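First chain A sits with chain B, and in the next complex the same chain sits with chain C.
Right after this comes the complex of A and B.
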């Protein structure tokens, strides 16, 4: 088992070095190799710490995200090397937080009792951008602290999962379900007002998954779907930005030089990649607006081809599967629901952004977990992984005890 | 020239990515199969950590456990330790209600589990260390 894991880590390092050496060759510069070496050191050291001291947990919950992160780092480095150095700093910080959580979080079920606190924090975080927020790229979902901008909606997600995990267990009848869903719908409403529709969709996805798994009652799902549909129709007629997004989705080519530019360029990029891609460094991802962030999947598809893009989606699939497996084996209902929430968060986030880039659903600006450039998203996702790792560690031992 | 190399290397990279994916899935598959097997059988074993060379069991070997496993110097035992410090019928490891227990059979020098002398039948877990005479075992499973 362990030798297998080691050989996987070795292969990941080989792929990383190979990709950076392609970049080094094409730029005739040794600096990509340094970045590659640094990434490999990070991969190996974080894996060895986990496998040495926390061997009980599911190591794949670390190995797969490390691999996924390399896709993002190499792509960001290829697009804009200055950003990549910042991203490595975020990556290191993320790993640091991951380690802190794995080392210091003893018993996750102790966090269960603060349930209303979580809801209040989530709502405060989301409403803070309404008052102190700054509009960046058409969404009012950024808080500016000194030199840095943070995205409170990313952090709110984390608290929402904890709130739902502790609240859902008390649901006995329909009235309880309505009561616990009020904070969630307040959050989604705030996100719609702030024009962060993607995050709203993800919040709803997390909510519906956790409610279904926590109560296994189809009635609640139908009810919340009904509320969601009514809410979307209402916001379609009420808010202009929702209508714009929708119109772009229906026909991006109509306004291909302005509003539909991003989606048109990413579709062209994916198409020009073909099955095997143009090869690293040979595509033109710089044509796509926001390529290091929202549309990074289009750039990956262009340079790694359909096969590379599919591999990335498969990796996410395996990651979500491992998360759900940790949920099944978790030692109590609270940790099980938290694991479900985190896995569904990753799953829905990937669906919303990849679906948006390939024009399956309207494109909304959310980050591709572990791949897109962004500090808040990187750190938060690693924090979630740390919690997941902790849950997988303290699993029920049915057989031996 | 560089362009050609890049074009060739892209196949290598994609191939390697899929090799990793295949390996991950393979590990998970064996993992899934293994966990099912453990639910049905209790396959515990004893690993010999230390034993005198003349005792007849070699260091590093793995001894399988049965529903009842008798340990002692006498030839009718399941695990025979030819060591003067071991009694003829020294200890018994048995499975009851799907759980593993160890019991000392009133031996002269006693049986030591995780550093403590056994008084009555005690439950065994994977990783426990058992000392019988000069031999030392670890429960694995």
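Right after this comes the complex of A and C.
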């Protein structure tokens, strides 16, 4: 098993170095090679630490995200090298937090007792932007601290998962269910008001899956779906920005120079890529607005083609699968629910943003985990991975070997 | 941990698999079915970049004289020059990144951009490798039209400020020698003028020569005459008794200026365009026979072009009737009014069929495509479209048409040293007092080289303005 993992790590390093070499050649610059070398060192060392000291856990929960992150880093370097250097800092910080969680968090079930605290933190984080927030790119979901902007909704997700995991187990009847969902719906309401529809959608997805897994009762699913539909119809008629998003989704070409521009440019990029893509460095991601962030998948499809895009989606699917596998093997219900929450968060986030970029569903601005540029998202995702790693480590029985 | 949670999580794995595979499925569907349709959208700035790698090919006339050319400028982009652009606007079309492309620029875009793989293997490929070594600038292919530069420009000039259209065809091959529509626009500065042109009441974007839908008036008598000769086994010496007014029930068909022609045979009726005679002929023939003859001349039928990409859309002529047994309607159809419609292109085809012994050739406007090294990539071979009338009938009508120009209504189209065959038409326009001036002709009558049809909107009698334009067009082509 270990040699298999090692050969995968070796392959990832080779691919990473190859791609950075292409970048170095196309930009006629040696710096991509330095970045590549540094990345490989980070990959190898973090894998070594985990496999040496925490060998009971599922190493693929680290290996896959490392590969995805490298893929994203290369894309960001290709789009804007200045951003890539910042992103490396976030990547290192994320790995650091990951290590701290893995090393110092002894028993995850101890976290169970703070349930209402989590809810309060989540609501405070989300409402903070209403008072201190800055409106960036049409959404009031950014908080400025000194030089940095952070996205509280990313962090709130983390607390929401913990809140739900601890609260759901108390659900005995329908009344309890309503009681525990109140904070969740407050959060979603806040997100809709702040025009952060994508995060709202993901919150809802996490909520509904965790309630379903925690209670195994279809009644709750139907009830929350009902609330969701009523809420969506209400917000469609109440908020102009919801209507705009919907209209753009139906026909982006009608307003292709203005509001539909982002989605149209994404589609054009994907269409220009074809099956094999133009090749790294030969596409034109600079035509897509927000390409380093929301629309990075379109740039990947343009340069790596349908095949590259599909490969990335499959990597995410494997990651979600490994996360859910950790949930099945977790030692108690709380850990299991946290693992379900984190896996479904990644799953929904990938579905919402990729589905949006390819116009399968309305485009809402959320980040593509591990790939999009952004500190909040990178650090939070690695923190989640740390928790997942911990859960996979403390499983009841060792399944393989 | 209870079994329910495990079952639920397994369902969740299936759920996410479905989600992700549906994304992959949609992405694949998008790449196969939608991608090709959207990449040409004007908001795709990649097109400009790809296009700029090659110098766009030229559009040339039938003798290789340049009509549209491209040149690299100092900024590294390209300038496309439309020499005398207004005269060719409806033939070449325009090419704009903002407003898209039309005409040859649109339909032959890939060829002009060099995006085709139809290499002349032995000639092109070796030169191509040579170019890569010498780093010579890459060029697209050239499109040679059947248009004759001198004829096209003279026809455009002859139209002056009038509205209308001219179509000239080589009757033996179907080559379109000239296609002019006025008012026109200059493709050169389409980006600056697009909005004002689009809102212009005179509608300069409409190709009146091929897309117009006018009553043909007396030029339709060509068809009525053909129908009479082919259907009625009567002596052509039969005389009609024209009193200037053909009374049909409550309706009276009058001749120009209420003129009465008296006793008149078919030849003279044609020569002087006698409405009484042709009205009577129409009533005798009946709607079905008249319609059949018109359809043999491609009325009511799609007219395909003899080339790979349809750079012009020919709106075919139309004939129909409200009530088959209504004699008044019949008589009006027979003189090209009521529910009969045509445009210069369809009338030029009718004329070319008569000039070409009854055989109509498939029209085309792209003669050949040449790669940058001058090798022919493709060449259009003339094709028959249909046999409209018998050779005997065409000879008779030819003779009538020659008489018309020699001493009938079309004397204005006479050219020194050349026998011109023609027919005038003045089509009533319900929205204007002045009728549309029509003229169709071919020349030289003994060995037809060019067939022309002209309409000048609201310019009065066909023997006037339209005959003048037709004469100038023919003269330009025959170098007279």
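Simple rule for what comes next: the second predicted complex is superposed on the first by the 397 of 401 C-alpha atoms of A that agree within 3 Å, B and C clash if a C-alpha of one lies under 4 Å from a C-alpha of the other, contacts with A are read in each partner's own complex, and residues count from 1 in each chain.
The rule is short, and it goes like this: a residue touches a chain if its C-beta (ideal position, glycine included) is under 8 Å from a C-beta of that chain, and two chains touch if they have at least 3 such contacts.
For clarity, every value in this text was computed on a predicted model and none was experimentally measured.
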Superposed partners chain B and chain C on chain A - clash or fit: fit
Partner chain in contact with A:301 - chain B first, chain C second, else both or neither: second
Touching partner for A:64 - first (chain B), second (chain C), both, neither: first
Chain A residues touched by each partner, larger count belonging to chain B or chain C: C
Partner chain in contact with A:25 - chain B first, chain C second, else both or neither: first
Touching partner for A:130 - first (chain B), second (chain C), both, neither: neither
Which superposed partner A:284 touches (first chain B, second chain C, both, neither): second
First (chain B), second (chain C), both or neither touched by A:314: both
Partner chain in contact with A:360 - chain B first, chain C second, else both or neither: second
Least Cα gap, in Å, left between chain B and chain C after the two complexes are fitted on chain A: 11
Common interface positions of chain A, toward chain B and toward chain C: 314
Chain B partner contacts - residues on chain A that touch it in the complex: 1, 4-5, 7-8, 11-12, 14-15, 18-19, 22, 25-26, 28, 60, 63-64, 67, 276-282, 303-305, 307-308, 311, 314-315, 318, 398-401
Residues of chain A that touch chain C when the two form their complex: 209, 212-214, 216, 253, 256-257, 261, 264-265, 267-268, 270-272, 274-275, 284, 287, 301, 306, 309-310, 313-314, 316-317, 320-321, 324, 327-328, 330-333, 336, 340, 343-344, 347, 350-351, 354-355, 358-360, 396
Residue ranges of chain B in contact with chain A within the complex: 2-3, 5-7, 9-14, 16-21, 23-28, 31, 38-39, 42, 98, 125-126, 141
Residue ranges of chain C in contact with chain A within the complex: 1-2, 4-10, 12-13, 16-17, 19-20, 22-24, 26-28, 30-31, 34-36, 38-39, 41, 43-46, 49
